[in-house]
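Structures for review follow.
Look for subunit A in each of the two complexes below; its partner is subunit B in the first and subunit C in the second.
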Partner chain A sequence: MAERKFAWPARKDTTLIGREIPRIDAVEKCTGKAKYTADINTPGTLFCRLFTSDQLAHGKIKKIDTSAAEKIPGVRAVHLFKDVDDEVRWDGELIVAVAADRDDIAKDGVKAVIVEIEQLDQFVDEADLAAGEKAGRKQELGKKNDGDVDAAIKAAKAVHKGKYGIVTISHMCLEPHGAHCQWDGDKLDVHLSTQNVSGTGSQFAEALEIDAANVTVTANYEGGGFGSKFQADEWGVACAELSKKTGKPVRLMLDRATELKVGGTRPSAFAEITIAGDADGKITAWDSVHWGTAGVGGGGVDVTKLPYVFKFENQRAAQIGLACNVGPNRAWRAPPHPQLCALTMMPIDDLAAKLGMDSYDLFLKNLPQVSNGKEAVYADQMKIAAQAIDWKAKWHPHGKAPEKGPVKRGLGMAIHTWGGGPGACKCTVKVHPDGSVETFLGSQDIGTGTRTILAITLAETFGLPLSAVKVNLGSSKYPQSAASGGSITVGGVSGANRRAAQTALWQIFDKVAEKYKVAADGLVAKGEKILSGDKEVCTWKQAASLLGPMPLEVQGQGPAKDGLTSDTVGGVQMVDLSVDTETGVIRIHKFVCVQDCGLILDEMTAKSQVYGGMIMGVAYALTEERLMDNKTGRYINANLKDYALSRIGDIGELVAIMYQPDSEYERGVVGLGEPPVIAPGAAISNAVHNATGVRVPTIPLTPKRVLDALKGAKA
Partner chain B sequence: MLEREDSPTASPPREGPAAVSAGAAASGDTSRSGFNRRDFLRGSGAAIAATAAATAAEDAVAEDKPATVVPAKAVEIKLNINGADHALKVEPRVTLLDALRNDLSLTGAKHVCDTTNCGACTVIVDGKPVFACARLAVECQGKKVTTVEGLTAGQNVDQVVAAFVKHDASQCGFCTPGFVVAVKAFLEANPKANLEQILKGLGGNLCRCGTYVGVQAAALECAGHGKEG
Partner chain C sequence: MNHFEYARPSTEGEAATLLAEHDGNTAVLAGGTDLFNLLNRDLVAPARLVDLKSIPSLGEVTETLDGVRIGAAVTLDTLARHPLLAGRFAALHAVIDGIHSIQVQSMGTLAGDLCLAPNCWYYRSGYGLLAMRDGESLVETGRNEHHAILGNRGPAKFVSASRFAPALIALGARLRIVGPSADEVTLLPVEAFFVSPKTDRQGTTVLRPGQFISHVEIPADGETRSATYEVLQTEGLDWPMATASVSAVVSSGVVRSARIVMGHVAPTPWIAHSAAQALVGQRLTEESAASVADLAVAPATPLSENEYKVQIARTAVKRALLRLAEQTSTEGGVA
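So, the complex of A and B:
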């Protein structure tokens, strides 16, 4: 018998893989049937509200009195996150939770809580390095130095020195962080809004000092996480404790303001950067110092990956952290690539202007200096993107827009990279004697389409329609799977399931071969039949019935180096936009992303990931930012009115082009969630630079920042 | 923007704790957990007593006992939702959204912003789209309320739902029910809407995952423009 190998079917032989297939849970989501953690209403469920250090950034607790709150009819229990003499370190830190029969009564309870805090010195001005140093908040972090930067700058034909920045943003998950907890004796059932079904049960167990075997975590649906929902979190544990205390199920979801303040942020990065190049546009030197904050511990954007994508012969970079009284950072989709991309691609574009070069040509010229081996892919993608946006016809030198009026049009681009290799996954695939198929795995579908690509994987393998396959995920009682973050899920889960399904199919082929006296070698499962060459041997149902009375169960796992999955992608984004130089308002006309990601299982959900990344990118490029009041340390726009996300009319025409030569199909599945969100800030800023001839140094490019930059350039 | 009965500037006054005080508004913070100066000094509510900054006079205020909160008594009401009458007992301050979600387990409409800025709680009341977070349940007696759950009958889903599925207009799906209802209401008022009208009309709904491309395509299709619009 020929050797049996794990592999995807040849591209020409697929029936489902790579097609545009609507997600299999779309009807549930579009009709309100999908139950999220925030929707769990088991009978008697209590509701919680939180007392936080709202409006106060740093202090020491002098008094906590919950007695009046506890006397309110309908208030069932309180939970203290802090004690007297504890410090509060940022606006929004949790102090007390109140559980009550109704949400409004819990709010009454919070109103009746008395907390006194002695105010301490606070510092939140993350953009101001000098002020941070003066306040004793500065940390010297990493440094690196390759080649001879000073000599290279001296010898360069063009040198550009500039200031750049990208501010802190919040995750702003529409379903806030939270949990619903219910005890049955010593067993705890947790519905958790999480990206980490398999990993959070033990966190609850440890905090509650109970056996991890007694905890079940469920997340059938999750209303957005973007990297911020990997943990049980103190509020999740509080929910379980309040449930224990009251003997009732309890739901605790963060309110909107608290969600913004403590539910996760993306660290800021501000920099002074010098970039130098020769007359042909080859970049010969990079010199940067950047600072910012990830919270009270300082930190920020890791210096080791700067400059981003490129590695220049002479490069020097240093990182400074500023310890600020702000809510803690969490992984924010593609951490910290959006910041690295912005800090790198803006100066590159500025160097092109200095040399009087077309930015496209300068990027192309420097592709031999990319550090991820994707030089040829980028060149190809740039060509495709340029064609889609009509770069050659529309390009004009920086600041030389032909428009006579105040509205100037411009082009910008940036390139990005991400790993996206497969995460750990175990699964059990079951083939029932009636021919139906299901899989069990402790992974989760966080809106990325995990259920759908798994159904495609199994249905393709067994030659079945999608409806014959059931995907069971979202429970910690299923075989464990990695958290969904960093674009590792699609490769991890599709690889493990393909392995299990192929193994099961081979066992069924052996039974078919024996029963029907055919060679097992040449058998194929397709169209609900088992075929030998073109000849039907039996139906799928007949084949499955050979299993006897019990289902066939096969465990799959990964990752494995068998060619089913791979890692590392490139990607190019180009933007065509207009800037109203009188109002500072930017209008995107067209925004193109060309993205590779190996073998695409579902073209429709893949494109949705790309569109989604681009739209999140437009938001953080144009409007989205955490606004802190430097004087008081307050997070002043912690609501959905003042924290401005993009709306449906703000995004322009988006074009997602999946880069899919056969070479991509052949390298197997690679994750896609992170890459498309990385470059929008840089590409949009570069387009504004091209339109106006002026660099708006800090992202987001709000009208005020645009007008300030234009004014500064005139002065 | 799709005209809802309750615009952000004209939302009906809400009872008790949810009301935003003038003090909070003047300070630029219009978040739901508003506070007034008295609360701030006393350290009750969602505010902190900054003792280091308090003056003697303010200290005197801080000595006050917190006011006893006496909510209005729960009343029995009847709501007509998706064609069926439901009897429930709620305090007058309970929003339509909380009544739907917490009393009737109709959880399609979501609680997201609480400030009429995101549209995730959109439902239809007497034919008009409204933010359920800015309506009191008691006000909705005698009116016909349609939620996203009402757009499905057995296996048959509304045309808007079908178009959302076809064009992959959901990712995490948390904003989706509100968007579906908003599109439904918008197209009933503007059955032949063009792209420009759609982009304006649906500006009251927010999505964080970025499903707007799918929503556009779904709305265009339902307005009879097909995929290319």
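So, the complex of A and C:
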């Protein structure tokens, strides 16, 4: 018998893989049949509201009195997150939760809570290094140094020194963090808005001091996670404790303001950067100092990863953290690549301007210095992107826009990279004697289409329509799977399921071979039939019936080095936009992303990932920003009016081009969630620079920043 | 949540009576596009909401001797396509078009817009209209990038939230105000409606407890042309960074009379009298528009973080004038 190898079908032989297939749960989601955590409303469910430290950023609690709240009819229990003498360290830190029969009663309960806090010294101005130092909040966090930077700068033909920045933004999942908890004796059922179905049960168990075996975590549908939902979280544990205390089911979802304040942030990075190059545009030196904050612990953007994508012969970088009284960071889609990309690609574009070069040519010139081995892929992708955006025809030197009026048009680009290798996954694939197929795995569909790509994987393997396959995920009782973060899910779950499905199919082939007297290793499952060459041997149902009365169960796992999956992607983004130099308002015309990601299981979900990344990118490039108020220490714009996201009219024409030569298909599945969100900030800033001839140093490029920069350049 | 009564009167007099009760601790409900935000954040705690939408006269747009009269319950999307407004009041139509939210267009009203509370984030965070803490203005040295650049030397530093006031003032509109007694009616020019408060309790308008706007009356003389330019950062639901509405009578290409009103730049709508005066006798050109716009923002006293708004306001004025010029030139005048 020929060797049976785990592999994807040859590209030409696929039926479903790589097609544009809508999500299999789209109708459920659109009709409201899909139940998210906030929809779980078992009889008697109590509502929760939170008392948070929203009058200051740093203080010591002197008094907590919940007695009046507890006396309100309908208030069932309170939970204390803090005690007297504890510190509150940022605006929005949780102090008390109130559970009540109705939402408005819970709100009344919160109003009746009395908390006295003594103000301590607070510092929230993460952009102001000098003030941070004066306030004793500065940390020297690390340095690196390769080659001889000073000598290289001295010898360079062109040297550019500039200031750059990218501010803190908050996680903004459509569905805020939260849980619904219900006890049955000593067993706890948690519906959790989580990216980590398999990993959060033990967190609840540990916090509640109960057996992990008694905890079931369920997350059937998810309104986004983006890196902010790996934990049980103190509010999740509070929900379970309030449920225990009251003997009733309890639901606790963060309100939007609290979500913005405590649901996790992307750390800021501000920098002074010197970049130098020779006359041909080859970058010869990099020197940077950057600072920012990830919260009260200081921290920020990892210095070891700067400069980004490129590794120059002479490079030096230093990182400073500022301990600020601000909400904590959490992994934000591609951490911390958007910041690294912005800090790296903006100075590169500035160097092009200094040399009077086309930015495209300068990027191309430096591709031999990329550190991820993808030089040729980037070159290819740049060519494709340039064609899509008509770079050559539209390019003009920086600041030389041909338009006579105040509205100037410009082009910008940036490149990015990500790993995206497969995460750990175990699954059980069942083939029932009637031919229906299902899989069980403790993974989750956080909105990315995991269910759909699993259905495609199984249906393709067994030669079935999507409707014949059922995907069961979102329960901690299923075989464990890694948390969905870092773009590791698609490779992890598709690899494990393909392995299990191929193994099951081989067992069925053996039974078919025996029954129908054909060679097992020539059999193929396609079109609900088992074929030997072009000849039908039997139908799929007949083949499955050979299993006897019991279903066939096969466990799959991964990752494995069998070629089903791979890692490391590149990507190029180019933007064509206009800047109104009299108002500072930016309008995106066209935004192109050329992205590789190995084998694409579903072209539609893949493109959706890219569109989603680009849209999030436009938001953080133009409007999205956490604004801390130095006077009060408060997160002053923690609402959806002042914390502005992009609407459909703001994003321009998005063009997602999946880079798919056969070599990409051959290398197997690679994750795609993070990459497309990395480069928009840099590409958009570079396009504004091209349009106006002025670098707006800090992202997002608000009208204020644009006009201030234009005015500064004139002065 | 504070409990409140909900009342739905069917006559203007009844509404006035209902509003005057509870010591005037009542609120008018028209579109409700902002009132519920204020209620949710406990920024207002009325004992009673008085819903104006069932008063027949308030739901009508009627022709008057010198223009149109618009009821306080008429929604913006109705106005956008109302035959009595078609082809005139360009300054007003431009504002409706700029509200990109279908929800606000289909619920919001002119009178409600005039009564909007400031969007100032200190106010919305519970620091009061004047945003004072320990006797100190939080705005003065705080996050004031969206605050006033004109009329900001007094205690109020927020910007008027009304999007329609500049257009209505430029058009010479009047407000018909009912109350506090059931049969009391006052007519007031829109520009006299707004107040830059000296205390948190003073509010942003002259309305006293028991009073409400029943109608907005816009005169139409057949010769006045108008235009509005709002500077909006985004295409979605957004508030202008600055607005300018202008109106003028132009004959033989020469401006005979003009009004220039800026919005979102001061605690009240801001009438640029001397800039408008300077326009009289001139032709509307790129140059005259620019120099008049310079005059309009000349008195600006920007705060620590909002000098850029001077440029934005200047642009709004210039572009509103150029829009006006486009209208008059297509009518055969000389721009």
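As a working rule, the second predicted complex is superposed on the first by the 715 of 715 C-alpha atoms of A that agree within 3 Å, B and C clash if a C-alpha of one lies under 4 Å from a C-alpha of the other, contacts with A are read in each partner's own complex, and residues count from 1 in each chain.
To be clear about the criterion, contacts are C-beta pairs under 8 Å (C-beta built on N, C-alpha and C of every residue); 3 or more make two chains touch, one makes a residue touch a chain.
Small disclaimer: the values here were computed from a predicted structure and weren't measured.
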item: First (subunit B), second (subunit C), both or neither touched by A:Arg256; value: first
item: Partner with the higher number of touched subunit A residues, subunit C or subunit B; value: B
item: Contacts of A:Asn630 with subunit B and subunit C, given as first, second, both or neither; value: second
item: Touched partner set for A:Asp108, first subunit B, second subunit C, both or neither; value: both
item: First (subunit B), second (subunit C), both or neither touched by A:Val585; value: second
item: Partner chain(s) touched by A:Tyr36 [first = subunit B, second = subunit C, both, neither]; value: first
item: Partner chain in contact with A:Asp708 - subunit B first, subunit C second, else both or neither; value: second
item: Touching partner for A:Asp642 - first (subunit B), second (subunit C), both, neither; value: both
item: Subunit B versus subunit C as contact partner of A:Leu577, first or second or both or neither; value: neither
item: Residues on subunit A lying within both footprints (that of subunit B and that of subunit C); value: 104, 107-108, 111, 634, 636, 639, 641-642, 646-649
item: Residues of subunit A defined as touching subunit C within the complex; value: 104, 107-108, 111, 406, 582-585, 622-623, 627, 629-632, 634, 636-637, 639, 641-642, 644, 646-650, 702-704, 707-708, 711
item: Contact set on subunit B toward subunit A in their complex; value: 8, 16-18, 28-33, 35, 39-40, 42-53, 65-66, 69, 71, 91, 93-94, 98, 101-102, 105-115, 117-118, 120, 147-149, 151-152, 157, 161, 164-166, 168-177, 180, 198-200, 202-203, 205-216
item: In the complex, subunit A residues that touch subunit B; value: 22-23, 25-36, 38-39, 41, 47, 51-56, 59, 62-63, 68, 72, 102-105, 107-108, 110-119, 172-175, 221-224, 226, 253, 255-257, 446-449, 604-605, 607-608, 611-616, 634, 636, 638-642, 645-649, 651, 654
item: Sites on subunit C touched by subunit A in the complex; value: 1, 42, 100, 119, 121-122, 124-125, 127, 133, 138, 141-143, 145, 231-239, 241, 305-308, 311-312, 314-315, 318
